[in-house]
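Shared chain: chain A. Partners: chain B in the first complex, chain C in the second.
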Partner chain A sequence: MLALKLAYKNILGAGLRTLLNVSVLSLAFVLIVFYNAMIDGWNRQGKIDTQEWEIGEGQFWHPDYNKFDIYSYREANQEIDANVQQLIDQNEVLPVLIQQATIYPQGRMQSIVLRGIPADQQLLKLPTKGLNMQEGICPAIIGKRMAKSTKLKTNDKVLLRWRDINGTYDAIELRIDTIFKCDVADVDNGQIYIDYHVMQKLMGMKNCATLLVSSNSELKDLDGWNYRSTDVLLKDLNDLTNSEKISGMVIQSILLMIALLAIFDTQVLSIFRRKREIGTYIALGLTRKQVVGIFTVEGGFHSILAAIVGAIYGIPLFIWINQTGLSIGEADMGITVAEVIYPFYSLQLILISIVLVVLSSTIVSYIPAHKIVKMKPTDALKGK
Partner chain B sequence: MKYIISTSIALIIVSAILAQSPAEIMQRIDDNMSADNRVIESSMTIHGRRNSRTITSISYSVGNEKSFTEYLSPAREKGTKMLKLDDRLWTYYPANDRTVQISGHMLRQSVMGSDLSYEDMMDDRKLTDVYSAEIEGDEQVEGRQMIILKLTAKVDDAAYYSRKLWVDKEYYLPVKEELYAKSGQLLKRTILSDFKKIEGRWYPMKLNFKDVLKQGKGTDWEIISIKFNTDIPEYLFSKAALKQ
Partner chain C sequence: MNNVVIDLKRLTKHFPVGNGKFTALSDINLSFSKGEFAGLVGPSGSGKTTLLNIIGSLDVPSEGSANVLGKSIAGLSQKQAAQLRNYHIGFIFQTYNLLPVYTVYENVEFALLLQNMTEGERRKAVMQALEWVGLTDKEKSKPSMLSGGECQRVAIARSMVKQPDIVLADEPTANLDSKNSHHILQTMQRLNEELGVTFIFSTHDEKVMQYLKRKISLADGRVVNDETVELIANR
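The block that comes next holds the complex of A and B.
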């Protein structure tokens, strides 16, 4: 208690030095919390968006389907049996047929992935209502990235060419019904969506599907299909955000080290200038360890003050950013990232950040204070 | 009298041609175009948006199953070899001394940015095996009489559901061919010219392939030399030959 009181008085007495140390440390503290909250917010939004637009509560893949190998798409489809059909009728799973095809926008040849999805589905956020065949023209929906790369607009017509189940070329004209805005790049880049039943007819793949999107997290086993949980399907996103966290840690560490260096210097200077005070403490009966404790607490107290100061200006700032979000523009990086990111502050994140700052500042305070143990009280009283 | 005789002979010849069934015409085209095996040295000129590039190669093929191609020029492509066995394709790149296997579907991709797919290059099935034919009519093209032949696939696995051929009545070779999708959409057009008689058969020495859905002038394919039914060593159709 004595150590805390003395530390408090000495810190306030140090004036500008304390202000400087506390300012830098509080900035490091706020930035650590903010950066990690941004990454967590991105990850959280990314997971929600991916589930809502693409993977639902998991997927069942045809055993030969490999998302990253477009040449596997051709053979990766199978007929839906009565059991799966029942699940489809109960809206437990959503069938999707995937094939490779080619479009010719403005006389350019472009390979695309053609996805057949039921027009009346409600499991995914894709605006599939417009996919019903109208007046002999096949409507299609595409994402804004795809629209940009192909220079297609709503109601534009584009020729689609594909190979049917026997390998025979076929071609029809598609009409772009809707251009949707989606933050999940995989749902958008190079993808064209048409009605599931129309696609079956075009491909000659009657009642076939490449994968099934599940709406039931309890459903994990279907005969003839390989289950892919949300954890497996979101692994890339998690890996990406984790790697961003690691690269962010480098910047945070530099900032924290600057703040800790300032505390270290302050401690070294304090011990040098306050030798008589140290000698007086020992003369009054305090053990050397108690004196080391007073100086360590004094140094560590900077971090407590930094947390309070950081909270004073950080909390209103965080609340404001949480309401407005942080816009990162429409830059398409080919990854799942929202245009506006809302940081996510978890209790765990705040506690870890506080412990990290307090612990590290206490350690750097202890290192110079430890020299006091070797001091002779008589020399200390003389200021030597 | 002479006039009557010559007119009669001409009429007999014309009626003989007209009497030919579409299947017979198709058979005569096959007789000209198909062979058990062949060795072709050719140059392929790919016309890009900004410039054109020419690639020369020598190909050895046996039926529709086996094919071995070695690129001879330009320097960047020289030594690149391709081996096709059934629906599998291996490409050997001398720059990094690597052989890459390309799966079945890859055979449908464009060859070096041209208007031809690997399948187009290697598909040598006889027309009579894949299509049934009907005569759509006659047409005169550049002063020569042509029979317009419409082919419709009779097998399930034909790449093009229908074709339209303008067949020269003298050479029994198409001067123009159009390839259609199942829906009737025109996909590709081939112009054949410079017919030469080689080993008792007429053969086009120049071809222009055009993907009509794509912009550009298409791809020119010119035959430098061609040999039919020659001895091709069996070892060429092995992966070991790629690195030799």
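The block that comes next holds the complex of A and C.
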């Protein structure tokens, strides 16, 4: 308590030096919180979007299905049994049929992944209502990335060619009904969606599905299907955001190091300039350890003040950014990232940041303060 | 001797200088009784401050013994020495050594913060100490707002607030003009008489010597003369 009181007095008495240290440290503090909140916000939005657009509360895969191997798609489907059909009827799972196909936009040939999804589904955000067959033309929906890469627009027609269950090639003209905007790249890039029942007919795969999207997080076991939890399905996104966090740590560490260097420098200078004061403390009855404690707490106090100052200008800034979001443009990086990111400030993030800043500034304050232990009080009193 | 508070026997202090050593004090044999108003006088380098530092447990003798209030200075741990200074010894320095960021009140109070006193008890003691030195109206001032004389009076209040057994004053008037010197010396003399606190000065200021009841002359680290006020007066 005494050390805290003294540190508070001394730190206020130091004036401009304190202002400088606290400013740099608070900037480091605010940037650490902000950067991590941006990554957390991105991750959070990415998870929500991926769940809403692609994976629901988990998926059941055909045992041979490998998302990253298009050659596995041909065999990776199976007939839906009565048990699964009941779950489909109860909207517990959504069947999706996946096959490889080819389209010929403007006479070019492009390999795509064809997905059959029930037009009346409501589990995923995909705008599938327009997928019902109309006047012999098969409607399809694609994402904006796919539209950009194929130069297809709404109501454009494009030839679709596929190989059915018997190995026979067939073709049909698709009409682009809707071009949807989705932040999940996997839902969009190279994908064309048609009606699930239409696709069954085209492929000759009656009542078959490649995977089932679940709407029930409790449902984890279906005979003949491999369960993939949201954790497993979101692993790539988590890994990506974690790697971003790590690369961000380098910048944060540099900034924090600059701030800590300023505190270290101030403490070294303080101990040099305030030798007589140190001697006086000892003459008044403080032990050397107590004096070291005063100087260490004083350094650590910078971080407390920095947290307060950071909160004063950081909180309104964070609230404003949280309301407006931070636009990162429409750059297509092939990853799940929203055009506007809303940072997410968790209590855990703020507490970890405070502990990190307070602890590191206390440690750098202790290092020079520790030299006081070796100081002779008689020399200190003379200011030597 | 009755009521001996400081007992120095064959006290010697060396300081390392290069490969050799410098002897600051040599074979000092002195004792001080409770309530003395004594001074160590002599030119610069005679060992006055070194002797005060040893008595104040800020330093230890190289040889011989220094017993203060029955405790051997050489045998004290850092914590014990700090406790001795905190409860029993007050210091007054030539340069006042007030803490610049604190008010007069807080500077005086500082000496009591390590003692388990309530805030009310501390306030009472601080105000009494400020009254002794006539600075009750300056309790909220910072040292930078005070004159040299006032700063030294604050230092006296700080040394006296815990009602120590011994006050060690190292050249207390060196930075003061004649009027302020007399003022603070009269203050210390009054406190010595009223409270029975032992005052030991280190000085070569003639003004201080007028007030001393015992004058111990040092030269080259040795006691060359030790006389009481009666002996001085009889000359």
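Basically, the second predicted complex is superposed on the first by the 384 of 384 C-alpha atoms of A that agree within 3 Å, B and C clash if a C-alpha of one lies under 4 Å from a C-alpha of the other, contacts with A are read in each partner's own complex, and residues count from 1 in each chain.
We adopt the following convention: a residue touches a chain if its C-beta (ideal position, glycine included) is under 8 Å from a C-beta of that chain, and two chains touch if they have at least 3 such contacts.
Owing to the predicted nature of the structure, the values given are computational and were not obtained by experimental measurement.
Once the complexes are laid over each other on chain A, chain B and chain C both fit without any clash. Counted by residues of chain A touched, the larger count belongs to C, out of chain B and chain C. For the superposed model, the angle subtended at the Cα centre of chain A by chain B and chain C works out to 150 degrees in steps of 10. In the overlay built on the shared chain, the residue A:100 is in contact with chain B alone; chain C does not reach it. Residue contacts after overlaying the shared chain place A:56 against neither chain B nor chain C. In the superposition on chain A, no contact is made by A:310 with either chain B or chain C. Of the two partner chains placed by superposition, only chain B is touched by A:109; chain C is not.
Of the two partner chains, chain B is the only one touched by A:166; chain C is not.
In the superposition on chain A, A:74 makes contact with chain B only, while chain C stays out of contact range. Touch criterion met: A:280 reaches chain C, while chain B stays clear of it. Think of it this way: put the two complexes on top of each other by chain A, and the tightest Cα contact between chain B and chain C is 74 Å. On the chain B side of its complex with chain A, the touching residues are 103-106, 108, 110, 153, 156-161, 179, 181-183, 185, 187, 211, 213-215. Within the complex, the chain A residues that touch chain C are 2, 5, 9-10, 12-13, 276-277, 279-280, 282-290, 376-378, 381. Of all residues in chain A, only 71, 74, 100, 104, 107-109, 159, 161, 163-164, 166-172 touch chain B in the complex they form.
Every residue of chain C that touches chain A in the complex is listed here, in rising order: 50, 53, 56, 58-59, 78-79, 82-83, 85-87, 91, 93, 95, 97, 99-102, 106, 110-111, 113-114, 158.
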